[in-house]
Amino acid sequence: MPPPTAITELVLDPNRVVDAVSGDGDGAVVTFLGLVRDHNQGRRVTHLIYEAYDALALKALDRIVTEAAEHWPSVRLAIHHRTGRLEIGEASVVIAAASAHRADAFAASRYAIERIKQIVPIWKHEYFEGGDTWIEGATADPDNEEARAHARKLACP
Amino acid sequence: MPPPTAITELVLDPNRVVDAVSGDGDGAVVTFLGLVRDHNQGRRVTHLIYEAYDALALKALDRIVTEAAEHWPSVRLAIHHRTGRLEIGEASVVIAAASAHRADAFAASRYAIERIKQIVPIWKHEYFEGGDTWIEGATADPDNEEARAHARKLACP
Amino acid sequence: MPVTIRLFARLREVAGTGELTRELPADATVAGLWDQMVRDYPAMAAYQPSLSCAVNAEYARFKSPIADGDEIAFLPPVSGG
Amino acid sequence: MPVTIRLFARLREVAGTGELTRELPADATVAGLWDQMVRDYPAMAAYQPSLSCAVNAEYARFKSPIADGDEIAFLPPVSGG
């Protein structure tokens, strides 16, 4: 069985992430794939390079899995994030949430992607036609309860 | 490219459904897999047989795709539903929603599964230890605006 | 005029077949055809409050008229997904 | 005491390396080390308001003390997903 969390330079296989969570008691699996887009803020993107603080990034993913289990005990969650060079259309992150209850599976996977953007030490170096730039999003602070509550709110039910 | 909607006796391949929707401009793909559970209402399920009114079921799926496009114009949606005999853990339905915006992709895929349960002429024959039973859910009425509004509400944002 | 009737799930089991043909008068409606089905198969009566119908693979109303050669389907509550 | 410093993304580029070693006094804190980084690499000052830090691959506070042999990481705003 694949691990629930992973930071890897290898191409992500969504089916493998689903295999990490789904059991015979689950009626619903929701997956989220983050894909490299060909544009961003008006720039024509050619490719991305993701850099990670691997050891801490893996712990941050584990933390998100633990947080989600607190909110949605029925859900099993897996998150695999890729690093290195990614071409347009490739998956940078795959999240899978399995549950007997589809509402929980939807909520947990949405929560996970919001939290990833908040607290996982990974950085996107964007290469576009005419240049390149580091994307800088959130100041990572796992103890920021306001950020966590925001992610919880976006997850809905 | 696989078709956006399908009713098929063949094993569903989630990657194929994703391929039906994702393009170079999409940053997010949300998939929903409905899986055959080993239990239901205290019964130990051995397998299911799905029966469909194929011609109408396909039109109903197309209708859901059209409805979702009205609510979330940024989303492309695909729905493949399986029929015939399904074993525990197999996927009965795969939904994929691709968008530049993850909120819309989540919402559209949730909407789709709720609408499938409301209006698609497919019936689940459950075989369990000690017997079998037809599962009867919603009275199908695509023009029931209350049902549609309920699905819209569950989809959240 | 001849019509085809499609039955699914429990209704199919009650009739012992998923497809029937009937000869109907020219002014027939789906509701009238359903009444005839219930006369032929009394166990179907229980489905009256929760039934849907379709004509030529499009959802229809029970007051819808039926034309020569139509395919009329009676649908118990659905359970896809 | 010797410590290792890990730098990522823009900070790594500013320093020209992702890993440095420094000799620190026994009562050093993460904040003190960061001040030293800014002295060495003035372009890093812009990151002060949005910076995170970690000690031995665990998120930490800037007031955290540093021990012999620790790995201290300075993290610009993250953009995973």
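For clarity, chains are labelled A, B, C and D in written order, and residue numbers in each chain start from 1.
Going forward, a residue touches a chain if its C-beta (ideal position, glycine included) is under 8 Å from a C-beta of that chain, and two chains touch if they have at least 3 such contacts.
Just so we're clear, the structure is a prediction, and the values are computed from it rather than from any experiment.
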Shared interface partners, meaning chains that touch subunit B and subunit D: A
Intercentroid distance (Cα basis), subunit D paired with subunit A, Å: 25
CA centroid of subunit C to CA centroid of subunit D, Å: 74
Subunit A, residues touching no fewer than two other chains: 34, 113
Chain-to-chain touches, reported pairwise for every pair that qualifies: A-B, A-D, B-C
For the subunit B and subunit C complex, residues of the former touching the latter: 34, 50-53, 55-57, 59, 81, 92-93, 113, 116-125, 134-143
Subunit C - residues contacting subunit B, complex: 6, 8-10, 12-13, 50-52, 54, 57-59, 73, 75-81
Sites on subunit A touched by subunit B in the complex: 14-15, 18, 22-39, 88-89, 100, 102-103, 105-106, 109-110, 113, 154, 156-157
